[in-house]
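Below you will find the structure I want to go over with you.
Every chain is named by a letter (A, B, C, D, E and F) in the order it is written, and numbering of its residues begins at 1.
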């Protein structure tokens, strides 16, 4: 059984490598490399895998899951600059892929402590693009 | 190849255990435990797995699938109280997880009779919460 | 300038008249008249009309609007039975139209106190049905 | 007859007044005032009013409208910082209201040149907030 | 009070004038003029204006409205070729504007017979384009 | 890691077998067999599987993927008749299943040339029906 909680956050970011010139960054990353930033309404789907507890009918209490996702992820990245202000994105290229992996790493242990297993992080950047990460 | 049919139903429910007091139910299940009921516009996705029949281009004729889903599920739960009126939810906690499992059990044999295999029941309770069940 | 805030609530209800038999209620209101209740994920759009304040760029601070809508409406109806538990729906047929009018009446004065004008209450009951009320 | 074209843009912005301290800005504008910016997937609806041309069945050729909206608006603000890089937002508070008014002013004359009339600019900032501007 | 019912239909069409060559049609109507047809999932919103009947809480019984819309519109155009098979589109350019006007004309009298007033036909052709017709 | 790009196309089609009569086709395929065609706004999701390149933060540059999908698929089928005009659908029943398989075959090699692996073709025909193909 998989159970999924959707959360949202609005953030600024820029795709670039510090060791590349602005020109080289723009040639590869396009307008996503704008040095003055741009931003998105990101949509995050956190999917948990587990058995249904016959005493509660729940895989997990979504209140507990939502609390963890808020504390470990949303409060740190909502209305933030993903390149400058988010501890778990430091020294990384802020691609959707890397943000999804970082969110996975932020959540994995806490969800295990709830007695469940993190199964998938789906991160939607625009209505045309999204990634799904299942761990490695 | 997977093929999916979406159906919808509107229903009332309550999360609670009969052997718990209202106070204990509310402490665990929160406002979802309201003794006077609340309700949802549930969205149901029934996913079938099978090979494409070269004579028809179909895994399954969706008219047949839709007919089964309507007769075995939607007609029994649409505009109903899931706790009081639905035979296949009797004596169960009416969590999204348990409703999904019960729908799986209602549909599995009939879909097999169509020559296909039930692959996933996805049940969306709100825009922020959904479950996916793949059998056990 | 119009500015709109979306809020959501999940509630149970029943369409019926106390002075009609269950049969007559069902003949007119159909399955929406089920005596055991059914429910919806209602979506509420509150639209405010006003001029843009040049000092803030705002018609109204949406934090203030959201606070009023939560206190005067959402907290009273979310995860509730609209027929049994909501003071502002007492002795009324709980149609989408009447809920929209009642929400208008709940909000109008408080929004005026914010220095703005309530313009429209849009209430979405299902993906196929909604009402819009502009006062009388 | 009204005809509407939807366009989208992703941008960074910050709500603040230069003559206020960061503290005062945060007290009023909340986390939207973050000095390091945040951003959104904005959705823009441009609505035109006019009669149907019996020779073409069109109020306006949407290819012409889309070209104007792209040149005068989208190309200037997509993947940009609305506070720093957009000529028509200079010296303004970058609220959704003000962006909608500025887009109206950018488009009004060109749409008149097409033989039609700009009727409404609807700008959606998040799934919970949007504004509609009809001129003054 | 406005009340709206959503219906959907899937149809083929082509934008062209019989008195123009294929080249001239393509120059003006673009790929929408393909002589081999293309098609859409159209979404239709029928909006009714009226007072709430205090005896029922309804402006109109949506079952009655839905029946009229199905009989007078959907049954005639769903899974049809709008240019070749729809009586109320004969000898017209099948633009979204003209389809909306024709649907208005199909529905206006029957809705009046229900004791209500047709207020708006909104017809969505793609997620980026829609028209709204309010009569003339 | 999975990364998905959404594209859209509007097309006409008909479900039928040439060796069946119109009556037999209609008995099996229903109104989807209308000889005068009908059509859809198809939504295509192309999902790629791969590792994140530590030099770019990308599984694949979506600009490259989008270019391939446009050239090999969208340009051939958008605003087209899927039965009459699309080379990769010749002599096939134009079911959603078969279109998804054909799109898979069109894209597989080019995506491999980008150093990634095609994982899934999801094709949405209506809001109630979609298929997912993972290769064989």
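One rule holds in what follows: a residue touches a chain if its C-beta (ideal position, glycine included) is under 8 Å from a C-beta of that chain, and two chains touch if they have at least 3 such contacts.
Only a predicted model underlies this, so the values are computations on that prediction, with no experimental measurement involved.
Engineer: For subunit D and subunit F, what is the smallest step count along a path of chains that touch one another?
Structural biologist: The fewest touching-chain steps linking subunit D to subunit F number 2.
Engineer: Among the remaining chains, which ones contact both subunit E and subunit F?
Structural biologist: Intersection of subunit E and subunit F contact lists gives nothing.
Engineer: With residue numbers as the basis of comparison, which of the pairs C-D, A-B or A-D duplicates the interface of E-F in over half of its contact pairs?
Structural biologist: Looking at which residue pairs coincide with E-F, the repeat is A-D.
Engineer: Could the interface between the copies subunit C and subunit D be described as same, meaning over half of its residue numbers are common to both, or is it different?
Structural biologist: different
Engineer: Please indicate which chain is farthest from subunit D, where distance is taken between mean Cα coordinates of the chains.
Structural biologist: The most remote chain is B.
Engineer: Provide the C-alpha centroid distance between subunit A and subunit F, rounded to the nearest whole angstrom.
Structural biologist: 29
Engineer: On subunit B, where are the residues touching two or more other chains?
Structural biologist: Expected reply: 127.
Engineer: So, with touch as defined above, which chain pairs make the list?
Structural biologist: Per the contact definition above, the touching pairs are A-B, A-D, A-F, B-C, B-F, C-D, C-E, D-E, E-F.
Engineer: Touching residues of subunit E toward subunit C in the complex: what are they?
Structural biologist: Contact set of subunit E toward subunit C: 1-7, 52, 55-59, 61-63.
Engineer: In their complex, what parts of subunit F are in touch with subunit B?
Structural biologist: 15, 17, 28, 30, 92-98, 100-101, 127-134
Engineer: Going by the contact rule at the top, pick out the subunit E residues touching subunit F in the complex.
Structural biologist: 8, 10-13, 31-32, 34, 36-41, 78-81, 84-85, 126-127
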